[in-house]
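Next come two complexes, and both contain chain A; in the first it sits with chain B, in the second with chain C.
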Partner chain A sequence: MRNLILEKIAVLYLRAILIVSVWLLLRGHNEPGGGFIAGIIASTGFILYAIVYGSTAVEKLLRYNTRNWIGSGLLIILIAVVLPIIWGKPAMSSIWMTLPDSISAYVHIGTPLLFDIGVYVSVIGIILSIIITIMDVLKWNS
Partner chain B sequence: MGNILLLLIGLLFLVGVLVPFIYPVLKKRTGVVLSVLPLVIFIVLLLELLSIGSRESIILDSTWGFLSGMEFSYRLDGLSIIFGLLISGIGFLILLFSSYYMAKYDRQPHFYTYLTLFMGAMTGLVFADNLFVLFVFWELTSVASFFLIGFDHHLEKSRQASLQALLITAFGGLCLLFAIILTGNITGTYRISELINLSIHLGNHPHYYLVLSLVLLAAITKSAQFPFHFWLPGAMQAPTPISAYLHSATMVNAGVFLLLRLYPVIGGTMAWKYLLILTGGITMFLGAFLSMGQRDLKRILAFTTISALGTMVLLIGIDTPNSIKAAIVFFIVHGLYKGGLFMIAGIIDKSTGSRDIYKLNGLFRGIPVTAIAALLAVISMAGLPPMLGFVGKELVYEAQIQAPGISWIVLPLGVGANILMVAVSITVFYELFVFNKSKPVTEFKYHERQFPVTFLAGAVLLAILGLGLGMSPRFLENILSNALYYIQGHSMEIKLRLWHGFNQVLMLSIFTILCGVAIFIFRKPVNRVISAFINWLDRYHLPTLFTSVINYYIYLASKNTRRIQHGYHRFYLLTFFVVTIALISLQQFRITEVILPESGFSPVKWHVALLLFIASLSVIFAVFARTRLSAILAMGVIGYGIGMLYLFYGAVDLAITQFLVETIIMIVFVMVIYYLPRFAILSSKASRVRDGIISIAVGAFVTLIVLKAQLIKPDSRVSDFFVENSYTLAHGKNIINTILIDFRSLDTLGEMIVITMAAAGVFSLFRFQIQRLKKKEEEASHVERFEKQGDD
Partner chain C sequence: MILLAHILLPFTYILLALLIKKASIKSRLAVLFATFNLLWALALLPIVQIKDIIVVQVGGWAAPYGISLVADRFSVFMLIMTAIIFFLVTIYATQSVDKARRKSGHFFFTFGILMGVNGSFIAGDVFNLYVWYEVMLMSSFILMSLGGERAQMEGSIKYLILNLISALFFVSGVGLLYGNLGTLNMADLSAIISEKSDMLTHLNPALILMVVSFAIKGALVPFFFWLPASYHTPPPAVSALLAGLLTKVGIYSLIRFYTLFLYHDAPFWNQLILWMGVLSMVIGVFAASSQFDFRKILSFHIISQVGYVVIGLGFYTVSGIAAAMFFLAHNMLSKTNAFLVAGWVKRQKGTLNLKTLGEVYKESPIWGVLFFISAFSLAGLPPLSGFIGKYLIIKAGIEANYIVVALIALFVGLFTLFSMVKIWLEVFWKDVPKDRVVKIPQKKRKSQYMLTSSLIMAILIVVMGLWAQPIVTYCEQAAVDLLNPELYIDKVLNFSR
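After this line comes the complex of A and B, so read on.
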């Protein structure tokens, strides 16, 4: 049975929660937040969507399958780790862009931010991969 | 000039990785286009060879490296140039050769990728100036050869052969790694140039014998020396171009190279001499002996390679300037004729479809140019003038005669092996190319005219090169004296001549040839004896023995794994807790101070107390819960309670994470709860009492630890460092976050990998089940459709 109200709520919640999660991701450097938390929060949006619309719908929404998300997240982390070598620093040291004060008051851009983005993407991939797999096995609304 | 070499080695790897993208554009021309790269390396090295002085080495430093002390620096000296020339030169010819030979194979991009990477690894190996870099390339050659030997991976035989080669050579690689670390610790440097310049010799160090045995193990496994020789005949499962490359210039010769390279550091002692002479001597004779009884041309050649490698190792073991010189010359000789002969085997295979020397007959008719090249190569193998092989063999004899103190055993072995080599050479050529009325006439699938020039070029060029160097071996004198200077540390004048005059060595050569011809004439009875011997030997078949050892090892490992990984979650927890308590209580007894803090406890806040009360209540509820759902919910309350506790004490990030993780766990629980088996209390009273005692003990011990943690006062507090540097170094005010993604990002990386593995575990556990479900659905829908059609 379709539940129109729930369906609308799921879509709205997903959109809102994605914005919140990106906000959390970016503010994480100065205030509570960060890639891991933002990743979990974003995935709750997708989970609700999956519960309402089914696992195939959420897979379609994600475009690439969840394993590719995990892989891309890890790849971003790897890039963030290896990038400093180009500047002649040891791997995993942080490199920051010098930005005008108007921007750097809110967010600093550098390899740690890239690292955090990688964590964010792979956490989404990991949680959804587990949940979707379980849903598929249990034929839970698929 | 040399700097370009750095670039070229890097380019080999880059091109190797990019082959899958290049191949669709170039199609069948890939091999020819790729061959430009080794050709350029060859030319660069040739120019270096002509310009380098006899006491000069060039160090190419690249400041780039993975870790400090592991810079990718290269060194050019006589030894590395000689090896590099053969690797790049033969590599060039092999690529040309395989562009036709491999034309009908599937997965050609794979082939070219592996081959180019192999070439790059081998080139890097001989030029590396850093021991660790040498090791990295050494392992890369093992891995690349694993893929190349098992290229026809649909055949059980080649899979087995490649696995065997990998296990044996990777074992040697581990030994080498260990030896390198030991050497680095003892001497304080990993640079070969520093080791040579400071003339460090480990001979008197207490760990010398350990280092020596590890290096020797690495070398004899790689170079297929007795008793590890058996992987090499197996490795001929590889496509012929690979065999040609593996045997002539790369892979198996890496062990010989390693011995020569590390000679200044560990060579020249009594143990070194006797071990090398022992293994080299046995291998030399055994290889030559076993090659007589074979029918397959490639197999014959494989055994002669083993014999030749044994000769080189033996010569290094004899340890006189003459013997080292002979070893290097013999390496060149062997590379030239063996590369040629393997390519000839490939040509014969392509044109007739067979490699059995007793079935092929009168091939001169169809492939005359190849036959002439084969004649030259075989003459070189037998060590007859005017080929370079003659020069090489004369040097070997000379070195064996002069071997101090052991000449009486080395010389007969050497002469015996050479007699057999001569006999094998004549037999091979006679059976293949001379027309014999008693054998059936061979049908040609292709005649030589139908082959492209690139296919024949390799064999012919190598044969001509062997002839040319044999006529004027002076060309090699300068580079040889350079090589010897860096191996043995003193320079000597080197004279290479085809004609030595009428002396002891020449007499031996004539004797060898006469005996060889005699064996050839009586080859039938001799072959019978050798076949009988091989049959007897097969009872102690080393490859089978090796496989059964490996199988037993796997059996043992799986047995132990089953014992440890029994699959009962409760026993895992039990083990974990009991071990933890045991370890903690050991530590506890060491601190005997008063547990309670002197200043007393801080005043208890009422909301914390309330929280703790609720959490404790829910623990008790969870323990005695009658349904699963209530137990789960109670556990959830505890989780959220802990999150609240974090919040009260100001750990906002922790609290958020705790809440979110609890939520996700709840969702997963709710999803699966319907499918779990009925909730029941199955454990007996005794086991419940046991579990209760353990859990109470764990709780008590954790409380004790928390109390005792107050007593430990570290000198510098880590958290102060983070507080001070969070904003200045990491540009962040949130300390937790700067720790996570900046100061300790390695930990975070590790955690990410762990949870990725968890996701992969869940996925792979359920994947088959999902597939089965889908299949069932498809079948059901198929049946439905079928029934519908029936109705229509």
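After this line comes the complex of A and C, so read on.
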């Protein structure tokens, strides 16, 4: 049975929660937040979407396979780890871009942020791959 | 970076395996990355000879606060042995493991194990060691249950539960240690403990928890139950890898802990470790001689062989620890190769029950010879590596005035020979029993890669026996380093780039 209100709420919730998660991701380095939390919060939106529309719909929404999401998240992490070597620093050191004050008051851009983005992407991939597998096993495709 | 590559290489393979779908490309990439890992480990050898101890402070944070990766001669030795074993088992697995398993991530999880093993060999921090243990445990558990056969599930549940208990002990030990001393960096811990020698009994609860967890990992008596209950269930390539690498990590950590912390309280620990080793040696070998499954006999022998390494540590002399290291390396090679041969027999005959097997030698003399080399190396017959290993251990024991222990080691060798002769006679020599012929379709299955990897391993065993001198010299240098923890502490804490 379709439930129009629930479907609309799921879409709106997904949009809102994605914005919140990106905000959490960006404030993560100095304040509460970060890639892991943001990834979990973003995946709640996708989970609600999957419950309402079924797991095939959420796979379509994600564009790429969840395995690829995990893999590309790990790839971003690897780049963030190896990147400082180009500047002649030990691996995993943090390198920050110098930005005009008007931007850096809000966002710092550097390898820790890149690392967090990698965590964010792979956490979304891992949680959704778990949920989609469970939904497929339970044949939960509304 | 030089040390970090040992973690980043398996990591890179893992992410590539997630992005790539085709099973054949995954297998090829696995062999490629295993080769890189081997080359990188060999490249560390000249560096460690110059620098004595390689230290990397991750992210540029200085020692007691940041994450230190430390490799001394012992670590590099273990890294090289791990890389050799992993490389050969990967080649073997490309043919031995079935396509369904390879597609659903066999190599993915073997590289998880490699990452955990490499990581624990270079961890300079107790908590990091714990994290690498977890990486290793999770990937080995999944690898063990991958495929979902009934026997596999049974084995892996026992494996998982007992190893989780070991992890629980370890992490509670870590907590107590941190609560007492406020640091977890191994060099820092060792320095603090050597300053406050009156605190030692205060620390014993934490250290005992950790040593028990290493003993569970390393399958020492009385904590060995999980090993023979689980190692005979997964596919042979998996059990070869686990037998070759996992217990050795527990023993490595025990040696590292003993030479950094426990030796301060030698009257308490020395006898404990020594007799734990003796009991493992004796009980393992007796339990093995009552078994009738190829891989179960070999699994029980792991316990017995690990005992040899631990008594070498218990002697606590340069020659004792050098002998323990040599024996560890010999055991990794010979044991893994014995498991590889078992895998081939299983592939051909479909069973590993000694009572139903027979005449394998007639079918394939070369595999017979390969088994002969590894089994009689385990038993310690002359020109093979096991002879040198046992000789060094017993010599070190006599020199350190542990005559009884040395005699027990000699006596256990006899029983090892008995079980190996038993496998040899039952599997390779005797006629196939008339009344219990198991009918298996005699398909000709290719096994050239399996043969290659097992052959290389057998050659390495012989080479290690014939040209033991350089290896023993290296082990002695490493043992001297281990017995002088001041060097380790100094290099890690006063690190400058």
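The working rule: the second predicted complex is superposed on the first by the 141 of 142 C-alpha atoms of A that agree within 3 Å, B and C clash if a C-alpha of one lies under 4 Å from a C-alpha of the other, contacts with A are read in each partner's own complex, and residues count from 1 in each chain.
The working rule: a residue touches a chain if its C-beta (ideal position, glycine included) is under 8 Å from a C-beta of that chain, and two chains touch if they have at least 3 such contacts.
Computed from a predicted structure; not experimentally measured.
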What is the contact status of A:72 with respect to chain B (first) and chain C (second): first, second, both, or neither? second
Which of the two partners, first being chain B and second being chain C, lies in contact with A:82: first, second, both, or neither? second
Partner with the higher number of touched chain A residues, chain C or chain B: B
In the superposed arrangement, does A:26 touch chain B (first), chain C (second), both or neither? neither
Which of the two partners, first being chain B and second being chain C, lies in contact with A:44: first, second, both, or neither? first
Name the contact category of A:133: first (chain B only), second (chain C only), both, or neither. first
Look at A:115 in the shared chain and tell me whether it touches chain B only, chain C only, both, or neither; answer first, second, both or neither. first
Which of chain B and chain C A:94 touches, first, second, both or neither: both
Look at A:35 in the shared chain and tell me whether it touches chain B only, chain C only, both, or neither; answer first, second, both or neither. first
Taking the stated contact definition, name every residue in chain A that is touched by chain B in one complex and by chain C in the other, in rising order. 67, 70, 74, 81, 92, 94
Chain C to chain A touching residues, read off their complex: 1, 4, 8, 11-12, 14-19, 56-60, 497
Sites on chain B touched by chain A in the complex: 652-653, 656-657, 660-661, 663-664, 667-668, 671-672, 674-675, 729-734, 736-738, 740-742, 745-746, 748-749, 752-753, 755-756, 758-759, 762-763, 766-767, 769-770, 773
So in the complex, which bits of chain A are touching chain B? 28-37, 40-41, 43-44, 47, 66-67, 70, 73-74, 77, 81, 92, 94, 96, 108, 110, 112-113, 115-116, 118-119, 122-123, 125-127, 129-131, 133-140
Which residues of chain A touch chain C once you look at their complex with the stated criterion? 67-68, 70-72, 74-75, 78, 81-82, 85, 89-94
